[in-house]
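Following are the structures in question.
In the two assemblies presented below, subunit A is common to both, partnered first by subunit B and then by subunit C.
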Partner chain A sequence: MAADIAGARRAPWMLLSPSLATVGLLLIIPMLFIVVYSFWLRTATGADQVGFYLDNWIEVLGDRFYRDILFQTFAIAFYTTVICALVGYIPAYFVANTPMKSKAFLLLMLMLPFWISYIIRTMSWINILGTSGALNTVMLSIGIIDEPIQMLYNQTTVVLGLVHYLLPFMILNVYVSLDGIDKNLTEAAQSLGCTGFQAFREVTLPLSLPGLAAGSLLCFVLAAGTYITPIVLGGPRDAMFANLVFEAIVTQLNWPLGSALSLVLLALLGALVVIYTRYLGIDQIAKSFK
Partner chain B sequence: MDDTKRYERLLNRYRDGDISRRTFLTALGAAGVVAGVTGGPMGMLAKNARAATPEQVRFDGWGGVVSEAFEKYAFAPYTQKTGIKVISGTFGGADEYIARVKAGQPGEFNLAHLSGVFDYARYHGLELTSELNEANIPNLKNVIPTLIDPLRKISGGTLSAVPYDYGTTGIAYNRKYISDDEAKAKGAKLMVDEAYKGKIGGWGEWKTRIWYGALQSDQDPNNIKDIDAVWDMIRSHRDLALKYWSSGAELMSLLAEEEIYVTEGWSGRIKALQDQGHDIGYLDPAGGLGWQECLFVLRGSPMAACEELLNFMLEPEVAIAVAEGQSYPPALDPNKVDLGKIIPTLPAFDPKGTLASLSFFDPAYWNENEADWSKTFSRVQRGY
Partner chain C sequence: MSGWSMIRIATILVYLFLFAPVAVVILLAFNANQFGGFPIEGFSLRWFEALWNNDAIVRAFKTSLLLGLLTSAVSTTLGTMAALAMVRYDFPGKRTISTLLVAPILIPEVVLAVALLLFLQALSMPKSFGLLLMGHVVFTLPFVVLVVQARLVSIRRDVEEAAMSLGATPVQTFFEITLPLMLPAVMAGMLFSFTISFDDITGTLFWKPGGVETVPTQIFAMLRNSISPEINALGAVMVIFTIALPLIAASIARVMSARKLRASNRKTQTA
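Showing the complex of A and B:
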């Protein structure tokens, strides 16, 4: 009897063990390595000095430079998210209200950008916005401008590149939310005297907010963690926090400092996810990938 | 068959006219990689050295026309002939590569086309250097002594690499907008000229930025007295610059597309642009920055096989073919080796073989300041 109870208690853990092992090996243990690294020091030769030092944490948490870049990173991520939400809602609404036959094709179109490398997609803007790019060439040829306009390598192009990268994530999340709304609700609202716009504002929009929030969270987190886009499309000053992590680890060969920086970013973005989960539930994001 | 004899026989056949240049280069690429792959020590290290298994070998270089030259004249023909895959990796900068090596295991990375005495010193500091048996590299006697001596000094008399080529980081400018006379008159200060605001570029690497900041503030880059003046010059350049480029390909694209009119540039890359028909001028200003590149053997690599390969790569025919392909003069001493007709036309070529007109990073001075300056540059770059 006792053996049966013990066996019954062990069974869930046995069933969970593959998942726990995967998460432990691929997530928890590497993360612990980073935590340990963050307390080491870089020596003058670039080698690491093993020990328990708080120097990196004091520098990262006490230095205004890192705070400023962090704010700049979150500002860029915020602008990107807002633009994605505004621009992404319309196609999501369109896809959700399209007859079933066309819907599959439109969803396929949404997925197409994922088949092309993110770096290639980012670099494509150089050929569009460059001095001898498509846009300048067209405007010059039809006489709108006399000489090429400098459009590249500033914060606006960084945001543009991020919007281009993240828009499909927003559209898919909003689409899933809109697709799940019972159409009878909007029809009922209209039958009770609402105009089409009122029905959208009072029924559809509130019911689609979880999808919008999930898309926003995904866009914000991915945007805040990027470093390729500022390198390719940014000017000398347009850095994001991940660029500092890259520089600390690669350029300065200061892995301990880079570890502390990456943990700060992880903690802040993790906190955001926790807050979101507390109030809205993380399962909304999962729906868009089903 | 003994590798040395095979190489000698191959070379003799080429010299006697029995085989064409193309066939020779194809065969030497094959033989060269064989040396790096199938030597005796490799058999013992095969289990530990991922890139050194008989199926593949690891070589890392700068990408673009530089790696193309290596691949074209050595590695691709070899793969075609033997079926052994050459993993030809690239890196955008020495910092990036050293981070990869640090994260790897001994033997995972074998040969690298590294830059400068400065990096050699960094690798030595990280105990990544190997010790070459120079008796196995007789062609080392043809290399310019000025290039060998600084390496030997760092590693206490031994060598972990052989110098392979050299070049300069000078000022490249679009002749459509900037004349040769103006470039010559302004020198390094051309890159902080407000007249070209928004059309200036620069390599986003801290050493180069500080070197040019020193020149712009009239200081000796190897003995900077007023570092604040240098940071001010870097800030001025930053505020006038459109873009810090991070690779040779990006440098060429920015100049070719006329996104920028002036920047520092690597002599070989600018030559490649000129050969493509772009009217780009190139100037080594007073105190201009020279550098050498070496074929570096990392600790944990199969030494005898690598030495064999290095000696082979230093054969004049091979070194000249690669040099012409990548547009950087070979490290061979023009007083000892006939470098042909094309090499003397390459930018930065020194016919005397003394390299007295070039300035190089003083490794001791720059390594001493590396931690502080690289971190400060990161801040200055971002507006501080």
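Showing the complex of A and C:
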């Protein structure tokens, strides 16, 4: 019997150990390693000088160039999040309140974008907005314009591409919290004299805020960490912070500098996640997987 | 116009926004126009033929397929075990473990990619297929844990207890009772990790050795030149592939459960 109890105590750890080892060896230790690495120095010869140098940090935190791109990154992520929240709330509301039969179909359609490759969804906008794209072709044939105009490769198209990529995350999160609201509550509000809109503003909207917050966090963090969208849909001046990381690591091979840059990104986005979990808990995000 | 019908129209517009660009990719993949844009000049399969004859693309497709299958095998095995532990047992430090398991989602993928790459390079392990696999496993593991965990909760414990009380060993119970009941959850985890791995580009660009391309990185490299009809055709293949896969899996699951139901009906009849 004693052996049984000891076995039961050991069982979860035996089941968990491969995953924990994976996360520990391939994530936690590497993260700690780049913290150390960011204080090393890449010398002109290409060798790393081991030690405690603040040079990378002084460069990253002191240089206007990095700060400007950081602001630009956060601006792009912010616009993306706000647009996703505004545009995504309406379909989420519709799906949550529509009759059962069309609901299943609409939810399935909402899952589809997750199965379609990110790079394809991003590049698909070239077919719409490019000089030989759908929009130019239509405008040329109607005669609004005489020659194709270039609508791509600016900050607006970067935001557009990100909204297109992240909108399903927002809709799904808002839907989950809207769907969990007891319908009796809005009915009660209306029977007590609220108009439909008042009932929405006073009851439904506040109750859906956790979903809206979870969706916004996801959108912001994912948008701020991207470097593919600005390369595909942005111009040369629309680089985001992750592009700098990629440049430093893959192109310049300045790994200590790249470490410091990625830690800055991690610290800022991590702070957001921590503030969020402090107030709302991590469970809200996990809910959308059910 | 009532408020509800305005909401309906807005919803339709949002869905259009989500799907129209992808539909255009598929449309242009069948376009005979040699520059890969409008106008539509007739139906043609020549771009799919060009894909088939393009060695680089076929190689990328094989790499993606192999990587996706290995990733989903490893991370579904690990993730299902972890999910079992989280759903079935109470133990000290459970909350911390739970946060640790989803940590890879909370860390921006770029940072995760940098950390893993630099750590393994410091151990003098060069970029390799192995590094790609490790990266994809870490990155997909939390999704598997969450997906499987969510579905495991609904499996009732009493069935297992009944089997044990009737004399089945824990191992027997697992393979005869728990595993079949868990199968849909495990399949969902496998599909999830496969598609995430198959689509991944952010980490893959950091981890892939020179000369090795997956389908997304191949598309990305081709985009550097300009959009070509071949890219649209490749996009169409990817879309059809990643959408058909879950649908096929779902129908296999349905056929399998129907057959099992019939078999068990037959058993009860003969008994």
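Assorted remarks:
The rule is short, and it goes like this: the second predicted complex is superposed on the first by the 267 of 290 C-alpha atoms of A that agree within 3 Å, B and C clash if a C-alpha of one lies under 4 Å from a C-alpha of the other, contacts with A are read in each partner's own complex, and residues count from 1 in each chain.
The definition used in the following text is that a contact is a pair of C-beta atoms (placed from the backbone, for glycine too) under 8 Å apart; a residue touches a chain by one contact, two chains touch by 3 or more.
In this text, all values refer to a predicted model and were calculated from it rather than measured experimentally.
Upon superposition of the two complexes on subunit A, a steric clash is found between subunit B and subunit C.
Touch criterion met: A:130 reaches subunit B and subunit C at once. By the touch criterion stated above, A:265 is placed in contact with subunit C alone, subunit B being left untouched. Of the two partner chains placed by the overlay, neither subunit B nor subunit C lies in contact with A:52. Of the two partner chains, neither subunit B nor subunit C is touched by A:279. By the touch criterion defined above, A:87 reaches subunit C but does not reach subunit B.
The partner that reaches more residues of subunit A, of the two candidates subunit B and subunit C, is C. Of the two partner chains placed around the shared chain by superposition, subunit C is the only one that A:26 touches, whereas subunit B remains out of contact. Of the two partner chains placed by superposition, only subunit B is touched by A:239; subunit C is not.
Residues 126, 130-132, 231, 249-250, 255 of subunit A lie in contact with subunit B in one complex and with subunit C in the other.
Taken together, the subunit C residues at the contact with subunit A in this complex read 3, 7-8, 10-11, 14-15, 17-22, 24-25, 28, 35-39, 77-79, 81-82, 84-86, 88-89, 91, 97-112, 114-122, 134-135, 137-138, 141, 143, 145-147, 150, 195, 198-199, 201-202, 205-206, 215-216, 219-220, 223, 227, 231-232, 235, 238-239, 242-243, 245-246. Of all residues in subunit B, those touching subunit A in their complex are 93, 95-96, 98-99, 102, 122, 125-127, 198, 204, 206, 238, 241-244, 246, 253, 257-259, 367-368, 370-371, 374-375, 378-379, 381-384.
Listing the residues of subunit A that touch subunit C in their complex gives 8-9, 11-13, 15-16, 18-20, 22-23, 26-31, 33-34, 37, 87-88, 90-91, 93-95, 106, 109, 112-121, 123-128, 130-134, 136-137, 164, 167-168, 171, 196-197, 221, 224-228, 231-232, 242, 245-246, 249-250, 255, 258-259, 262-263, 265-266, 269-270, 273, 282, 285-286, 289-290.
Partner subunit B is touched in their complex by these residues of subunit A: 42, 44-47, 65, 69, 126, 130-132, 150, 152-153, 231, 235-237, 239, 244, 247, 249-255.
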